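Since the structure comes first, as structure tokens, the remarks are kept for the end.
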């Protein structure tokens, strides 16, 4: 743990990936449990950063497989063995994972990307287009997202391409349940928690407490509210008063990301 | 494997346990899979005997845990590690056992004892007496028997104390489903197979094809049909013609039981 | 990671009167006997037990009046006979038994561990277990038109008591390759709290050498204590066998109230700690003998 | 025990046209690629695939026209991108997808393995997966009055294809300590037939040294073949990493029909055996490189 991370000044130069990593890292507390899926270089960097700074006891289940691993740095895949090097435990993926991951008892937080995300935080990683059996684009598929969204997880979405195509009024297919039609439609199915935050290359959004509509939380340095709205496929709710600026990563955080966590730059791939 | 077991003459002197072991051994074929539970010295001896003679490929899951073990001899417990010495695989008992044991896909044959067995092969290892919550006798409990009886296993019961108390018209409590009320009452619940044979200190019984009532199959040497009937708490069906005599164990079988399988005499405990 | 290492006294204060306690135990195999003795010393009351197949710990807890109900598939000490104190208590209506089969136990605990309302089984269909247990076992139709199944209601014990080969101070628990019964394979996953005694507390580095042998992650464990020979008189493969002489001593007197009281006084109340207990049961001579496993002699 | 050792040609004749084939595969992890190539060589038709997360083998089987339906949670090669041949086939309606989540897959296969008509999950509630799959996912009430669950219909694939670290000639299969995904942890248990390729065939005595590492008992396995590097170009921990260069070669041409045809001709049809294939993919130099795992350099 870097001794001076708490007093480090905000950095002047940073990449958008580094900003997103620092925003996500902030979401993880010392008594949280988190896990990552495939292609999750940014969340993995965020977990590692949180563990090196304010949340050393954050429990991390790498790739849903390895408990408390010690990868030297972020490897080329977040779903291959080098990520869970030196784990304390291997979670068997049919039985154990059902207890720890596919239930709402443990591992509460999950960071994930989605091809489409709508105003109520519903996620689509399945198909673009109206015809499910002859789609315009066949996406990878829901993988575990459908489960995690419905099983009381707190979901943190990241999106490097904030656009009206990725943030849409209504997803073509619900691969992961957000707040469904808003208000209490999620609660009524007995689904706890749900989407918490959406961090993009332009802004940070959360969800309105009552209506469950997506709401601007902060804009990144140099980005205007209008720019964010113009890049969004639906009307974003605005917070009361001035929209704050997203906190920049600190120099100390950047040092850790660039030198310790991800010297190979997997976060940019 | 003893070379001359096939031509060995019937023995003159043998214990009732040895007779029962040889009768049970006969039930296991080369392509069968079998397992044993607690306190199962007689079935274990039968499996070992079958494997040393006519069924060398009989798959044995020792204590439901150890696949194809090589115990030196029958140990003092059939549910402790010495029984599954040198196994090829340990079957994990929550997940794997559900697939291999608590389904009707694998491990078809099971030998078991029951405190009470009725005319339709229903078994009781739970309570003696009418009041379930203040029974006359609290027996150990069903353990896995309730499952195995309902999950398409072929069940082979042994009983060293053939009496009107152990072979009763109706069990006080069905801990393991036999043919229920006989005829097609078992079939109607979709339960396959069921009790095949009851081997006691007096006789061997099977079940009538249509009525599913217990039927005398053979009487042990020196025992009369009347003696068997008198020791039975219900009317036994009789086969057509003369009731045959149970085949005695051979000299070769006795040698294997006494010298190789069970030199410590666990079968008599 | 959070510190979970504590004393046996502190650990057992996590058990409240009236709790449903999931207890690792087979007829003579691997049971957290030191934790069980501490339950008796702390005079816990009205506990319910969940066991797959209960042996001597069930008999002791029955004898000491700690338990008033049991959910399980069987209670017996196999070749040492029935648990007489338990049996008397049931016959006299002091312990209420919810007898379930192994697959029903698996289903109830599995549902609990997954936070599902139930899991199905087709084991036990046609038996009287269902008739006596309509609150937890219901026959339901297959929505796809197949055979009906028994829906087994989720069971989440308040606390699970486990003995293991080793653990670190953060509650990560390892088991040596051996039989993994549901009492270690599913009970702690379903329980709301988990208390573990381990033969030894090791550095986390030791666990990292064999991550496949870690059976419980620290985040589900609430307390861990170091108790060498913590399963005596039950067996703990490969470390030591069950103590036949001790079991026979117990069964010789276990029908008699006064003798039972003396026995528990001697072996449960008097020893000040595990080391004291181990001296009492015969010390190194006996422990060396058990380490050889009697069947191997 | 019964002999199960055979040739890859014989083993794959156990797969019939139209079968539902459960395939071990993650994005870039452990897939029985030699068996997959043999499916293509034998020109199997109208196969359905069951995958957790399919990678390059799914793309090849789509490209070769072997499969016409897929039951699975995702298809992607992670950092190497989408499976373009698969994607085109789905978009053109040549492959029908039953997309299910991981817990639904677990439930469908788990029910199959236990011979239960269904298992429940509360994953995927509220998604559109259910709407598209009413035959296999039905919302049912909890008979105990709790929240409803999705009943997931039992799935018993006709055959499972598995690659493992070692096996004996009787079909007992071992896996080294590593991630155990559902493709090895439950798929073969649910399947009606199981075909295994292993890095090496060993004497049964070798398996007896580590019975905890045996993942499949011989009695559920129908055929076993020895195929060193049988998972190439996917990874097989700890033996070898995935072949990044090979994956990139594939993705560079995988949108183009003719180039795809040439690629499959070269790597699938031409090699006469595994040894020939290994020479073709770069021989010892490449294999040595993969054995080091690129991340560890």
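Couple of notes before you dig in:
Letters A, B, C and D name the chains as they come in the text, with residue numbers starting at 1 for each one.
Quick note on the criterion: a contact is a pair of C-beta atoms (placed from the backbone, for glycine too) under 8 Å apart; a residue touches a chain by one contact, two chains touch by 3 or more.
Please read these numbers as outputs of a predicted model, since none were measured by experiment.
The set of chains in contact with chain A as well as chain C comprises B, D. Considering every other chain in turn, the ones in contact with both chain A and chain D prove to be B, C. Looking at which of B-C and B-D shares more C-beta pairs in contact, the answer is the pair B-C. The distance from the centre of chain A to the centre of chain B, each centre being the mean of the chain's C-alpha atoms, comes to 58 Å. Chain B and chain C have Cα centroids lying 29 Å from one another.
Averaged C-alpha coordinates give centres for chain B and chain D that are 41 Å from one another. In chain D, the residues touching two or more other chains are 115-116, 121-122, 147, 177-178, 211-212. Multi-chain contact residues of chain B (touching two or more other chains) are listed as 66, 90, 94-95, 98, 102, 151.
Taken as a contact graph, with one node per protein chain and an edge wherever two chains touch, the assembly is complete, since every chain touches every other chain.
By the touch criterion stated above, chain B contacts chain A in their complex at residues 94-95. Those residues of chain B whose C-beta lies close enough to touch chain C in the complex are 38-39, 63, 65-66, 75-82, 84, 90, 92-95, 97-98, 102, 125-126, 132-151, 173-177, 180, 186, 189-191, 269.
Here chain C touches chain A in the complex through residues 1-2, 113-116, 168, 172, 189, 204, 207-208, 211-212, 214, 217-220, going by the rule given at the top. Residue ranges on chain C touching chain D, taken from their complex, read 115-122, 138, 140, 142-144, 146-147, 149, 151, 153, 177-178, 210-213. Per the touch definition, chain D reaches chain A in the complex via residues 26-29, 53, 72-76, 78-79, 82, 86-87, 90-93, 96-97, 99-104, 106, 109-110, 121-129, 132, 147-148, 177-182, 185-186, 235, 237-238, 241-242, 244, 293-296.
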